[in-house]
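Working notes, structure below.
Chain IDs A, B, C, D, E and F follow the sequence of writing; residue 1 opens each chain.
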């Protein structure tokens, strides 16, 4: 089993500081997964987003220098995500490759030196950490990508706007891409997921789970066959 | 005037070999632009695609190793684009920064050491050279992005399918993004342009020209105010 | 005039977020200094500490993984300082070298490519950003090192403990090193300044100012000959 | 058994495109060698030349910019060889170290991380890929260097000029170096092999096989003790 | 057992040349340690100083260019130490990671690729190779740091000055730091050890042995429980 | 005028230590050349050999580990040459690019950032510093390569063996290559110059001077049109 885990940065850094209790639980999860003799995890790659730390630094830069290019702001987001990744590496200790890769090439080389856990932040402007996790899942031949964030489930419509929006248990990769495209066409609307990431997962048929990040145990439940959120594609069966 | 020029790789490498005559014309164009006292070019950044060399190498790899991840194939495309970029650097001689940057960070550092011309290929899997040219345009604060390829103009519908498709002289960034989204929703359809690239140009209001690459002089004509193809956004006036 | 400015990270990041108003003032200071025709600044190198962001991330890591080596925690501090440095680079825009150097060798190479402002964070475990600023001052042949932080002045004794501690206007490099050594001998005591840094400034006779960071204008006042805090060594006269 | 395999780039890229059938056979050869329980291959390092792709790009650059330094053209050859190497890495998949090393230092470090197959292109101007393969053979302590190209055998004189030239089955390293020197003294003559490479193989007594690259099986035959081409030095016995 | 060994550069390079006999003995020591089934060495990291080669090159540079910054001279010392480290790597052959790391990050990554022996020189200006060895010991979780040099033992006072100075068998980390601080306060006095290094070993409670480097066997004796020099802290028992 | 200067390492390091007096003279030469208003030096690139320091370290490694590959020993030679280069950079201070380039690509990039003096050691195994200086001369478009060493002149035969050997004032590139080839054919004979280097200078028609390194002023005399040693090719006239 090869697993890519995308952890939203706001899970880690909230209200101006790191949430050590929750981070500790995620570290425990990784340790438990590596030892689980049923799931047999061969590789875990973790991508951590910049979250609210990134948003704070980006808005500060923009406020002071309104003419700054958005692509330059992306460097700040990348650096924030890398800081979050360094923290998680420190917490995992010997289990993790000792520094976040700087590029996909680095990540693949790190994976070749047989370490079980690689922790990355972002790489390049113009690429969200969601896209990074999808590309990494493809490069490493992952069986599953789990996205833990404050999005606990995907809805068939924007739940903010439509009170009758229904949470989905499952959606095909094709329909997921369509849903993103529909939302993207109406500006200011509910931003579901990075389109590039969704297209990559579609072409490689890698299942993507959305689950709430407040309790890391959901990852365990997913790997054991439960579905505590929304799954894009199918896990454990071939999608045709 | 800061100009980013995206040159489709198939302009350079055609029918299994480099087209030295056309490449020489592009080198001449760059030299002339740098000397032009009316246009006053302060910076030219050039992004060259992988083109048919990339397509050939990617299809070879896929044919032999069908299980290879698409993201890994991107490395081959990036390397092909870099080879095309190295050739153009060789041809420009002292005018160009001596090697293609490996990342946006590299590109920005190269730009800071006061060289007039930077020539890049691709950087990372999951990012087309069109996206690279758009992000670079944003990072360098470019006034214009010119896309020379075999797409001479943008049509209001897929010209392959609709005989009454009309070429557009101008389209707003907003409508351009919508057009891409419409096309993307129907699989197998006419792939206009990279959506990430279009969104970046929209947010930074950088005009994008589509022109045929067979005669490099069109770039000159654009900078002098003509419109020999399709312009996305507006050049020479503020878009509001 | 070559100036190295050490800015305590807590000046920038306070109470869980970046203080955009104060950061904007520091950016303005740098711009004004570069234009000042009396002071004639030839080079500004800025080192930014990790501050409270670093302290928060380090204590989080330690809390979760108590067996982590302190040297590894230093990586987190370095990365936090680098994030602060990236923010200040973004805010300075074209004035600054576009990324924080990764080593002293990088910093010297960056300085050779004729940029006026270099902004660095930390480099290596076992080296405080105070030491980094002192070594950089030596490498670049700086005329002065200004340390802006929440330490507005140096006292002759620990002011927390001795109510009669007197703030100093001036102290020689030799006496400053002695003062640090005295404090260091009593564990738990008032940590004045990094001893390695103080020794380096002593051997190169580079004056060091301590001033409160709440109003960036103090830097201006120092360069104009005033002394709004404590000076170690002498500025504007030779020390013998 | 440690094997270095030099594959002429023209074996891979012919008539303007990659020959996927032949490349697939070479990939199969590598896989079979690694599994062969008689030959017991401990390490395979593969150096791929730039071949006709390199020749095409170099002649294009020279045609457009006749004043370009030959050393700069070497960069184009190196980049072409690296592209060929990347393709072969993609084709080998998990068997290969994921990117071509950039220097001998890189190659040795890659070898230390226990991967069975390393695939390289060229490294530096002024060094042919034949020299690279010889130096790599020395660095890795190879038992044999096999050179597959369109040179199926070595002749005692230039076969183009002398109809009575005889193909050699075996030649000592000393006589091989002399033969190269003789040829090199008459300009425009038959360029046998890189002199630097030949000297290195001589000093380290590493046997070098020349065989035709059209059927990869010849490599198997060599490792099993046959001699389907010309051997420089001796394989399987000590040379004294 | 994880061991860090600091070897003074003057052990290796003496009277203008390398002492091959002694270096060979150190290589033999490393080989023997790795095979010893009682001591069970899991990791050896070796830091080699610049020694008299460094002192010679630094004094040459200073003599010719008296205005050179001391920090720049440190680069020369680092480079000398790295040359000494490269020699020891060459001598160890396949046992050692093939090149000296350039930073602590590099060193940790090298350690993660499962090599038994890492050999380093210095990293950054302002940091002695003694400090490097202490930080590395902390980063790698070493059980012991052995310092072989021409300092065979630590004395309770400066033995040059006080004829009644007594060599110490053991001293606590706290007292060792105090001793260094006392010496540092009297300029021109006996420079015991790098204060930063001593503080790091104190905080991590890693025992430090001082022994004469003339006979490498002392390292063996230390690991077997003898004390042929001075030990700072305690080895083989917990210090409380 | 673009000048490449190759300085034999034994000029700098003799009898186990650096010759500060002679090194100071070379630094003075560089400073004077840069200011000379008649010669108008636009660029000086200096390549320094490993010399006797390299020979000492290589023979030490070989003595201890006789099975070490010759290519690995080259790393030691490269590192020694780099140390010599770092010393000369320290001595030149602000005039020089602050660190020796690690590859030709690095060297070209350094040259692009407008520094007047670049100082290099070696780059890669299998390439002598003589070859490096010739390739660099070609890459930078040098007008002349001056080789200062203990070879004051080239002889028509081996002067050790033939008492009637005559020193040459001038020799064509073609005859120089032939002379090297003749010598190379008789093993143990007088090793004139690196063949790869000679071939490169021949193809680019860059004149090469051999002069004794004991008095740096000879370089001045050469640039003023004198010939105090042997010139290969012609300087100041076109060779046809």
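We adopt the following convention: contacts are C-beta pairs under 8 Å (C-beta built on N, C-alpha and C of every residue); 3 or more make two chains touch, one makes a residue touch a chain.
Since we're looking at a predicted model, the values are computed, not measured.
Counting the residue numbers that touch the partner chain, chain B and chain C have less than half of them in common. A repeat of the B-F interface exists among C-E, E-F or C-F; more than half of the contact pairs are identical by residue number at C-F. For the pair chain A and chain D, the distance between C-alpha centroids works out to 44 Å. Each chain gets a centre from the mean of its Cα atoms; for chain C and chain D, those two points are 55 Å apart. Under the contact definition stated at the top, the residues of chain B that touch 2 or more other chains are 72, 75, 99, 105, 113-114. Under the contact rule stated at the top, the pairs of chains that touch are A-B, A-C, A-D, A-E, B-C, B-D, B-F, C-E, C-F, D-E, D-F, E-F.
Those residues of chain D whose C-beta lies close enough to touch chain E in the complex are 105, 108-109, 112-114. Partner chain E is touched in their complex by these residues of chain F: 15-18, 20, 23-24, 27, 56-57, 60-61, 63-65, 67-68, 72-73, 75-76, 79-80, 82-83, 86-87, 90-93, 99.
Residues 97-99, 113-115 of chain C are the ones touching chain B in the complex.
The part of chain C that touches chain E in the complex is made up of residues 69-72, 75, 103-105, 123-127, 131, 134-135, 138-139, 141, 178, 181, 184-185, 195-196, 200, 203-204.
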